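The first chain written gets the first letter, and so on, giving A, B, C, D, E and F; residue counts start at 1 in each chain.
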Amino acid sequence: MDKNMLGDLDNLPEEDKMKMAAMIDQLQIRDSLRMYNSLVERCFTDCVDSFRRKTLDKQEETCVRRCAEKFLKHSMRVGLRFSELNQGAPTPD
Amino acid sequence: MDKNMLGDLDNLPEEDKMKMAAMIDQLQIRDSLRMYNSLVERCFTDCVDSFRRKTLDKQEETCVRRCAEKFLKHSMRVGLRFSELNQGAPTPD
Amino acid sequence: MDKNMLGDLDNLPEEDKMKMAAMIDQLQIRDSLRMYNSLVERCFTDCVDSFRRKTLDKQEETCVRRCAEKFLKHSMRVGLRFSELNQGAPTPD
Amino acid sequence: MANNGVQPEMGKEQIMFMAEKEMEYRVELFNKLTQTCFRKCAEKSYKESELNMAENSCIDRCVSKYWQVTNLVGQLLGTNPPSM
Amino acid sequence: MANNGVQPEMGKEQIMFMAEKEMEYRVELFNKLTQTCFRKCAEKSYKESELNMAENSCIDRCVSKYWQVTNLVGQLLGTNPPSM
Amino acid sequence: MANNGVQPEMGKEQIMFMAEKEMEYRVELFNKLTQTCFRKCAEKSYKESELNMAENSCIDRCVSKYWQVTNLVGQLLGTNPPSM
């Protein structure tokens, strides 16, 4: 998440800005842990359907790897587009 | 959410009641922002399925409008019934 | 949730350990209320599909009971396996 | 939860904490109920923005049945459902 | 939210609180958008880990349309969508 | 997370904060795992309230595989999965 949105809070005293920055850092930590949990859930749900063994077979492991890598790239692209929209930039058609 | 449930907390000192009221207000703000996010997700999921253009077409826009309005009416009706149940009132069959 | 994971925090002063324990208790309360909400949602979704009357019929009630009991047993078994994995114990194949 | 069965020595902070958790629980219950009944009752074609008669009575019964399920599960858990 | 329409007597604590809720709202919006567009755009066979051209342009349009839905719903609610 | 790689000047408050986030992460992991494995393993006809043999062994394997996916994804992210 970009920090631009806090532009309107520029007139806060220095001390409060620091509190705000700390708050943003904390939200980002929580957010990244949640994203991690969601990624695991999604790739597990999409890739693992057989429970005849207790270890992932080669095919499941490959599927999970690709799913996770794809999700991360997806997530970065979304982040890019999202911040462009936040700044009112035009988007490719 | 109605505030009746806090009836059992009536014997708290005035200062604590104020803290409690502030807490309820804060939960309501968070709650309404969450509801807003859920509404957007639901109506987007139900109404938008084609990604050949980057803008909503007329049909998608109409669908989103109706979905959102219907969801809000739905949500108000649920709220009404929910608070009746909270107060032990009989409900229509 | 077991409390073992806090092993690395053993060198904190006594006072902080108490704060930590209080925090864990609070998370557990929140967690169990969330679990309760999820259980209700799941069993309602799986068992109730007809809305021609405003009370549960016998079949729906039986279904909800079994679903809830099964979910609780399931949840306990998952908890057991989960804590074994946290401790690096071997698991049955 | 709330006041019944609370040990007398329970501090003010703890009362506030429990009240906050109870509120959160109820907000979450309300949200889940709203989402679930919308999924079960709303006609997804969205041909109009009004709730029609079938939807209205479906909502009323859905809320009522959800409530019963909440109470039933609460009994099974051996606790009162978080005081409602 | 944020600064517009805020009464002058709103305290510093309240400003911080509103800013925090706004951040949380935006993080949640971003997460829901990411999940929803992944569901709509990603090919579930996972034959490769790269995003192909079709997926890339689907993502761009999905984000753009999701954004429009957010604004549209904000208008209907009669508020600005929480300032973005 | 936790203690490894932590700068020596990290304050007590920050340690507490990180520990709290780690707990929350683990609770959420446990909840998602429980829900997901219930969806994958439980027979939805609910003909009985006991877990049968097929369900029991499905649960054990589901937990084990979910755990492996958690570790695999952790490796891909280039971090240890939040210390487990």
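Everything that follows uses one rule, which is that a contact is a pair of C-beta atoms (placed from the backbone, for glycine too) under 8 Å apart; a residue touches a chain by one contact, two chains touch by 3 or more.
Here the structure is a predicted model, which is why all the values come from computation and not from measurement.
Touch-path distance (fewest steps) from chain A to chain F is 1. Of all the chains, the one whose CA centre sits at the greatest distance from that of chain D is A. A separation of 27 Å divides the Cα centre of chain E from that of chain F. Centroid to centroid, with C-alpha atoms defining each point, chain A and chain C lie 26 Å apart. Taking each chain's centre as the mean of its C-alpha atoms, chain A lies 30 Å from chain D. The set of chain C residues touching two or more other chains comprises 34, 47, 53-54, 65, 69, 91-92. Residue positions of chain E touching 2 or more other chains, listed in rising order: 24, 41, 60, 64.
The touching residues of chain D, counted against chain C in their complex, run 17-18, 21, 24-25, 28-29, 32, 36, 40-41, 57-58, 60-62, 64-66, 68-70, 72-74, 76-77, 81-82.
By the touch criterion given at the top, residues 2-3, 12, 15-16, 19-20, 22-24, 26-27, 30-31, 33-35, 37-38, 41-42, 44, 46-51, 55-56, 59-60, 63-64, 67, 83-84 of chain F touch chain C in their complex.
Chain B meets chain E in the complex at residues 26, 29-30, 33-34, 36-37, 39-41, 43-45, 47-49, 51-56, 60-61, 64-65, 68-69, 72.
Remark: chain C residues 1, 5-6, 8-9, 12, 16, 19-20, 23-24, 27, 31, 34-35, 38, 42, 46-47, 62-63, 65-67, 69-71, 73-75, 77-79, 81-82, 85-86, 91-92 touch chain F in the complex.
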